[in-house]
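Common to both upcoming complexes is chain A, partnered first by chain B, then by chain C.
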Partner chain A sequence: MAILDLVRLDKHFGSVAAVSDVAFTVSDGEFMCILGPSGCGKSTLLRMIAGFETPTGGDIRIDGDSIVALGANRRPTAMVFQKYTLWPHMKVFDNIGFGLQLRRLPRAEIKRKVEESLALVSLSGYEERYPAQLSGGQQQRVALARALVLEPKILLLDEPFSSLDAILRVRLREELHRIQRRLNITAIFVTHDQEEALTLADRIAVMNSGRIEQIAAPADIYANPASLFVADFIGAMNLLEGEASGRQVRLGAVALPTPDGIAARQVTVAIRPEDLVVLDGPHPEAWSCAVEQISDLGHYRRAVLEVPQLPPMKIYLPKSLSVQERAALHVYPRRYLIYENGGAPREVSRPLPAAAAALLG
Partner chain B sequence: MTAAAPPQSSPSWRKGIIAYLMVAPPLLLMILLIFIPALQSTARTLTIDVNGEPGFSISRYTAFFQDPISVSNLFFTFQVTLITLAAIFILCFPLAIYLRFATGKLAGAVQVLALFPLFVPGIILAYALIRFLGTRGTLDNVLSIVGFTGYRTPYLKPDAIIFGLVWESIPFTVLVLTAGLRQISDSLIESARDVGANSWQIFWRIILPQIARPVLIVFSLNFLGIFGSYTIPYLLGPAAPQMMGVFMQQTFGQYRRPDDAETQAVITFIICAFIGFLYVRTVATQRKREESE
Partner chain C sequence: MSAQQLAVPPPPIDGFWSGTRRSFQTMIRRNGFGLIALVLLALVILGPLYSVVLWAFAERWQYPSLIPQVFGLSFWERTFARADIAEALPFSIVLAATVTLISAVICLPASYAFARMKFRGRQLLLLSFLATNAFPRFGLYISIAVIFFRLNLIGTLPGVILIQLVNTLLLMIWIPTAAFQGVDRSLEEAALDVGASPLRVFVQITLPMVMPALSAALLLTFVNTFYEAQGALVVGLPRIVTMPVLMYSLINSQLIVQYGAIVSLVLWAPSLILLILAQRLLRGGYLTAGFGV
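Then we have the complex of A and B:
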């Protein structure tokens, strides 16, 4: 049972602001991902919660009590680090039991707890191994067990799977998800991998240059990115710069309708590849373009389109649509977001044109 | 076809010869100048003249250990060596830990200061210390300016030897310990703090076990240097008791008893060889471990 409150948190390194004015609440049992490019301040934010960095301003509260004055060794948090996480001179048992020994728990109880937490990460029977005898994935699982055995109020994870290979990363991600749900522990997971964030998180906080750009559930972030940065960072997105006049935005040969009058002249229109529909013939609101490149991704294909006067656009093609490279297509955006001056976007979502039928999609 | 086969094997064979030729000069020097004289000396100390015929005897050693001055000098050498080593560790551990974790200009300046004695020859250091620690030396003068007049110089006392030897050993010790500490990544220390360890527990349970080898290396190499030291104990130390280096030189040069000096040398050599063996074993097992990882 733990609620984490970040209150207007700031961290400056000299004149560089690593984290500015970050404020959010993580509710009990929630899995929060902090997602952002490297250097955006996400690790610094996590390290402030863990106690390895002192905030320049603001407050960190767990269940209402400020923990800023507590050293890292006295906070009710536990952290899983990116790499070099296990003490090489200690066996797995001692790695996990070290924190319990420091708390002067009886021997029998330490043994029971270590065995329990090893079972939780599916590594029963590995007590006597040294870290060097474990694979990278096993090491990170032991690191997770070491954090969980202390029954922390908040579990902190700093890109724990980023040094593992892709298949292992997915497997451990699923395992972490299962464990977090089972223990119902409040967790904060820092990553630069959007797929990781989208699959794990109850909510995602997208960070950029030390600030939070958006906090929302994964589906919401994907469907309604609050800023151009989020639109560009999360998922595949076609970003097209156009000129607005009246209730229209001109993008190459096509003028797209806007929901109401737009003040700015320069706007950016964001279209997800899956929101582009292939029509069976030309249409005034569809781009006529050529297929530049097709990559087969198993159950669907991804194509890059060459559109006159516009940058190349990404689109997903169903396998049933037999299109070859260099073929001519007519693509129609059935949903798009219009961003002006960095503010919240305006959404346009509309049915397919009556006259033309979609080929598929 | 079979006649053409041998040249294939010649490059590796030739490489082997070249490798042996390259090691040969230092190896020969060691055998001629160290091993053979050491063996000869050891053999001589175990030989007595029995009616013109050489015979085996340990009488020179029993004489050494029955002579109170010799025993007290050997004991004194051990005492100075161990106290100096303890002082070195007490001083250098905090220094190395500071240099490992601190950043910025001050850390750079401390590093330069810590390494400075490396570039000062022992004899210059000894005279500098005499000027600094001696009666009416710098320290005495400064103390009397601030009103403290009871200063008693450690010059010509065992403390002065320890002072000089510690000063001389700091750079090497700090270098090796800092290098060892740099092998420990920050996240290993942070994760210990994270599970609740305080600084002292982190030092004992996380840092020290991981730098056991550098510590052993520092211990053994410093031991060898201190146990056999000559210049500093000769210039700064008391007339009695003496450290083995000074004792040997006096027995040989002033009392003109080369046989006794030889016995003292062999005893010193055996003690140092034992510590040297510890060092070699530490380095060898470290290499073996690195290869297996």
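Then we have the complex of A and C:
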């Protein structure tokens, strides 16, 4: 049962600001993902919560009490690291039991708790192994058990699965999700992998150069990216530079209608691939284009379209639609976001034009 | 699938041996020069050893015979009956242990600092420990002896300990520094994270992981110091006589060759044992285990 508060947190390394003015609250039992490209300060942020870095300014509170003055060994947090950090000279049992021994728990209780936590990560019976005798995935599970056995108020995870192969990563991700839900523990998970963040998180905080760009639920972030950076970073997105004039935005040879009141001339229009509808024939408001490349992704196909005077555009095609490369298509942007001067976007959502029908195959 | 299908057929024995013979012949043909060099090298290294071992067990050995005419152990008794040897052997062991201990007290914290802290001139300081090995030893000792003479350290135990300490610095700084650097920071952080105090992290996490390398450094330092003769000779004489110094004088000024040979053999044994131990420790493996997959 724990609530984490970050209050205007800053971290400078010399003149470099690694984290600036980060403030958010993680509520009890919530799974928060901090997502951003490498070097954006997300690991530094986590290490400040764990106590390995001292903030330059601001405060960290757990259940209302500041923990900034406490050393890493006195904080009610537990961390799973990116690297394999099991102690090589200790057996699995001692690796997990080390923290309990430090707390002077009776032997029988240590044994019970270690066994419980090993069962939680599906590694019962591995007590007597040395870390070198475990696979990478098993080592990270033991590391998770080592963190959970202390019943921390906040569980911190610093890209724990990034050194594992893709299949194992997905499996461990699902297992972590199940464990977090079962224990209802407050967790903060740092990652650069958006798929990981979108599947695990209750809320995602997107970070860029030390600042939080947006905090919202995964579906929200996907549907309404608050900034151009988030729009570009999360999910596939077509970003088109354009010029606003009157009630439309000119994009090369084509144009899109806009709501009133765009002050800036230079804007960026963001269109998700799935918001491009393929029409059954040419239409004044549709864009005529050629299919440049098709990749089959199993349950759907991804195509790259060539619209005159625009950068290549991504679109998803249903498998039933028999379109070949070099074929001509007519696409209609049904929903798009207009970004001006780094502010919040304007959303435009419109129905299909009259007398046109979507080509569903 | 039956068990028989799974079984791997044994390798053909004939083929294996003929293959070896063939490759041995090709080796001679291709590397004839290398083999000759190897044999010559072995002669140069093993020849003197052969002579020392034979002399130690010879009662009588006259030129030009290749082996002694009479073997025996009587010189062993006579060697250990000598008062100077009975005194020098335990003294040398205690001296080497003392120097190793003092060196450890000075160097181990320093090497931890070298591995873990960033400070100005770190590289330069680290390299400076090479300096004592970069110049002719004896010249260095002579100039040190001049200073020691003014400080009244010639012929004293502190003088010998000091000059032998100089020799230990390189090993006792470089090996432990590399070992401490080899301990991943995040392993220590993980221990801190579960609640261990910094001191406990050092004692229970860092130290056990560098222990093999530290033990090797200690053993090598002990062996090196035990055999150190030049410094002890220049600074120690006439009052301080270590085993290697005694061996020098036995070899140089005694008409009886057996004394020198037996003392050499006696001095040789502990180093062999300790070096084998040190190698075991370094191969122990848990220095590197657990970091990979």
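The criterion applied here is as follows: the second predicted complex is superposed on the first by the 360 of 361 C-alpha atoms of A that agree within 3 Å, B and C clash if a C-alpha of one lies under 4 Å from a C-alpha of the other, contacts with A are read in each partner's own complex, and residues count from 1 in each chain.
To be clear about the criterion, a residue touches a chain if its C-beta (ideal position, glycine included) is under 8 Å from a C-beta of that chain, and two chains touch if they have at least 3 such contacts.
This structure is a prediction, so every number in the text was calculated from the model and none was measured.
Once both complexes are superposed on chain A, the partners chain B and chain C clash.
Contacts of A:A50 after superposition: both chain B and chain C are touched. With both structures placed on the common chain, the touch criterion links A:G99 to chain B and to chain C. In the superposition on chain A, no contact is made by A:Y300 with either chain B or chain C. Judged by the touch definition given at the top, the superposed model places A:F24 against neither chain B nor chain C. When the shared chain is aligned, chain B and chain C each come close enough to touch A:K83.
By the document's definition of touching, of the two partners only chain C reaches A:Y130; chain B does not.
In the superposition on chain A, the residues of chain A touched by chain B in one structure and by chain C in the other are 50-52, 71-74, 77-79, 81-85, 87-89, 98-99, 102-103, 132, 143, 146-147, 150.
Taken together, the chain A residues at the contact with chain C in this complex read 50-52, 71-74, 77-79, 81-89, 98-99, 102-103, 130-132, 135-136, 139, 143, 146-147, 150.
Within the complex formed with chain B, the chain A residues making contact are 50-52, 71-74, 77-79, 81-85, 87-89, 98-99, 102-103, 132, 143, 146-147, 150.
Interface residues of chain C facing chain A in the complex, by the touch rule stated above, are 184, 186-187, 189-198, 200, 204-205, 208-209, 286, 289-291, 293. The residues of chain B lying in touch with chain A in their complex are 185, 187-188, 190-198, 201, 205-206, 209-210, 293.
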